[in-house]
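Structures given as structure tokens follow.
Here come two complexes built around chain A, the first alongside chain B, the second alongside chain C.
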Partner chain A sequence: MSLAGFLRTLLIVGAVAALEIACRTGAIKPTMVVAPSAMALGVVEALRDPEFWRHFGVSVQAVAIAMVIAVTGGFCIGFMLTRVPPLRRAVSPFLASYYSIPHIAFYPLLIVIFGLGRTPLIFLATMFAMVAMILATMAGLDRVPAVLAKTARVHRLGLVDEILRVRLPAAAPHILSGLKLAVAYSFIGVIAGEFIMSTEGIGHEIAYAYDNFNNQRMYALILIVLTLVTSFNMSVFAWERRMLKRRGL
Partner chain B sequence: MTAAAPPRASISVRNARDPVLVCAAIVIGWQLLHELAGDVAITAPLPTLSHLLHMVGQARFLPHLGETAMAFGQALAISWIGGVVIGLLLGGHKLTGEVAEPVLVTLYSLPKVTLYPVILLLFGLGMQAKVAFGAFHGIIPVALFTLNAVRNVPAAQLRAGRAMRLSGVQQARHILLPAALPEVFAGLRLGFSLTLLGTMLGELFASQRGLGFLLMKAIDLHDVETILAIAVLISAFAVSANMALLAVDRRLRRGAAPAGHGA
Partner chain C sequence: MRTAAAFATPVTPASAAAPAPHARLEGVTRVYPARSGGDEVHALGPISFDLRQGEFFSVVGPSGCGKSTLLDVLSGLAKPTEGTVTFEGAPVDGKVPDGVGVVFQEDASFPWLSVEDNVAFGLRRAGTDAAETRRRVEFAIGFMGLRDFRRAYPSQLSGGMRQRVCIARTLVMQPRLILLDEPFGALDQQTRLLMGDELLRLWRETGATVMLITHALDEANLLSDRIGVMSARPGRFIEVVETGWDRERDSSLAERSEFGAVTSRLWSLLRGESLRAMGQGQAAEKRA
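Let's turn to the complex of A and B:
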């Protein structure tokens, strides 16, 4: 392990230990933060609870649907925009300021339109995640070296072959970072929506535990969600690394 | 000078034309959606605008607007200033930067809404929690962009500074900041958007005042007109502020890069 990596691990372990000590000695009240060991116990308890798995499943399903739509749709739209420059010129100022709009402000409207089910959540998460994917796709396709495109032409590849064998792999690193963002944004959309107004899902469970002063459960649920997202991001990151290494970068 | 003016003007007209067309398309789409779904689901553009103007004119609306503006302003100040300071510190010291960067990247890609209840427990209900949540969203990207900007400052400039025996503060003020400014500014722009998002999220969940609170109340009353009016108000503010920041961004980049190398 590198020195920086070692120090980082030391820092994180130290922070968790300090938190544990502060909580055990009563310097931090359990009404604010519960001790890390209590969080771990809460995680084990939650994982044994069938009710937790139901809410968890509902949320993950919504995130997965939103993510699939956002990633495929975003990719197709991004691809199309690179092919039609006038359209891209027209749309790009809006794409550039898209993430400055607090989408969550439209959630109330979506509830009015779609009703209080899973649809407004999935819609919100999809809208939130898709533009990250569009931007990443365009950034990736823009940076495909001209020499690769020329090589494809030399080999007389058809359009489909050129896209699948040359352009996509060359643009993959950017597209993967779009994928990571899309996951985070889908989670934000779904969980924020569930916090505000929902009858089921992991966000609702967290808000419910908060309302009932059940801090141990609340922290446990938060920890589970964050661990899930982080491990997903890390596996995408590892995949990215492997791909770059294969290209000698 | 005068000879070059006409073509530049025509280019800017063409650049402005397409976005205006898209704007028109959005309004037409909105109107069509209204025709399809009716007043129950979505009000038409014109009545929404007049309702917005009517609302802004009312005395009881202003305190809510002020509350949100106040929370956002404080959060923005914290995330901009705090983020730049953290980024400068981490970027200035190589090992510290290497230790901290992956932690920051992980924090950045977390869905931070999940942590909102924790913020509420720590800061209590009210203004502080909103400010803290907004700042928490904005400060990390600002710090990350500043960190990378400082790291990419050419080594020759730093060596020149050391040769002139600049102190740490002078080094930061006269060399690091000017060289890193374009990228730092890109971070500030992102921080602006995310701080706004965080503040709005904070207001929607457990709040007694502010635009977010008005939105939640409008849901309970099924007041579509108000929901849309507030959403449009916030979006218009966000988009126009972002356009202004983008314009500054472009100018900074033009100043930083030699002609022909501009991004």
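Let's turn to the complex of A and C:
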């Protein structure tokens, strides 16, 4: 293990141990935070519960749909905007200020429009995630060196080949960082939405446990969500690292 | 080893008495439209000249005189504002014709492809069959001394090696006209000299016509049959100098006394133009 890896492990183990001690000695009350060992028990209990898996499935499905729409749609829109400069200039102030909008505040409105199903959630998460992808796609395509585009023309590539074989691979590192954001934002959008108003899903389960003072279950569910999101993001990150290393970045 | 003579496509002149020019520029100008607040920029011309079949032609000129614009127009990467460009008798109209290869000053290797895949890029896009692609890539990689680096990625190579990759990538397409835009501009002096010798070898063995843009007068002198000396912007040829070197030449030429005479000639032609170009630059700075 590298020194950095060792320090990282030490940090996590230390923090968990400190929390465990603080909870056991009563410095932190169980009504506030439960001990990590209790959280772990809660996780085991949740994983055995078929009802948990139903909620889990519902959430993951919504996240997956939002993610796919956000990534493909965001990419297409970003791509189109780089090809149509006047349109891009027209919308760029909106894109730049987009993330100052508290998206979640529109969720009740979305429920009025779409009804209390999965649609408003997926819509919210997609809206939240898509703009990150649009911005990353544009940043990536903007930074394709002019000499590579010229090289494509010297090789007499058609527009489609130029895009697929030269511009996209050249822009890939930027596009991938947009993808990472879009993944995280899709999770946030779905779970936060479920938290506020929903009848199912992990977010709803966390809120339900909270309302019922079931701290052990609440923390267990939060832990599961954290693990899921981090491992998903880590795998994208590992892929990205491999690609960047090859390019000497 | 297979020689490049067999590898290149021989081009027979239309008539032995007066060979048709390989490429021709007639009254070519290039004017960049005015950008906000500025005047339009007359970058090039009018220029008329012929590239002879199989010659090594260099272009020297003060910085900003339109050398790269000349290359863009000749290769079909840019359309001339006025005038016509023909390559092997057919008009070049804002599209790079088959048989023209370009090597740029900037690193144009694809960082996501290995050396091998970089070199094979054009052949794969053109749909050349796998066996032929392998044969040609093998040859080009050997020719440019990249054999030990075939699986490396550009980020693992030095600037000189990356430029070799770009030259190899051009070479596999068997271009009949090779245009080079200051390909060694970013390299150190020793590497430049060696790359120059390799460029001569490539030129001799492929029989291609070569046009090299450079700002190094002795490099132009050493490599070329003819050297076009350009004026300050708008770039025009003020003179075309014939060197008269043998086809079999290398960097040892630099020791000969005639070599110094040609370099002096080039500099005497360019000195005034370079001063004018510097004046243009300073005037532009003052305006800004």
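As a working rule, the second predicted complex is superposed on the first by the 244 of 249 C-alpha atoms of A that agree within 3 Å, B and C clash if a C-alpha of one lies under 4 Å from a C-alpha of the other, contacts with A are read in each partner's own complex, and residues count from 1 in each chain.
Quick note on the criterion: a residue touches a chain if its C-beta (ideal position, glycine included) is under 8 Å from a C-beta of that chain, and two chains touch if they have at least 3 such contacts.
Values in this document were obtained by computation on a predicted structure and should not be read as measured data.
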| item | value |
| --- | --- |
| Which of chain B and chain C A:G57 touches, first, second, both or neither | neither |
| Chain B versus chain C as contact partner of A:G14, first or second or both or neither | neither |
| Superposed model, chain A: greater residue contact from chain B or chain C | B |
| Touched partner set for A:K180, first chain B, second chain C, both or neither | first |
| Chain B versus chain C as contact partner of A:G115, first or second or both or neither | neither |
| First, second, both or neither for A:A192, with chain B first and chain C second | first |
| Which of chain B and chain C A:R246 touches, first, second, both or neither | second |
| Which superposed partner A:A105 touches (first chain B, second chain C, both, neither) | first |
| Residues on chain A lying within both footprints (that of chain B and that of chain C) | none |
| Contacting residues of chain C [partner chain A, same complex] | 75, 77, 95-96, 98, 100-102, 104, 106-108, 110-112, 121-122, 125-126, 153-156, 170, 173 |
| Chain B - residues contacting chain A, complex | 15, 18-19, 21-22, 37, 40-42, 95, 98-100, 102-103, 106, 109-118, 120-122, 190, 192-194, 196-197, 200-201, 204-205, 212, 215-216, 218-219, 222, 224, 227-228, 230-231, 234-235, 238-239, 241-243, 246 |
| Complex contact set, residues of chain A against chain B | 2-4, 7-8, 11-12, 31-33, 86, 89-91, 93-94, 96-97, 99-109, 111-113, 180-181, 184, 187-188, 191-192, 195-197, 203, 206-207, 209-210, 215, 218-219, 222, 225-226, 229-230, 233 |
| Contacting residues of chain A [partner chain C, same complex] | 145, 147-148, 150-151, 153-157, 161, 165-166, 169-170, 172, 243, 246-249 |
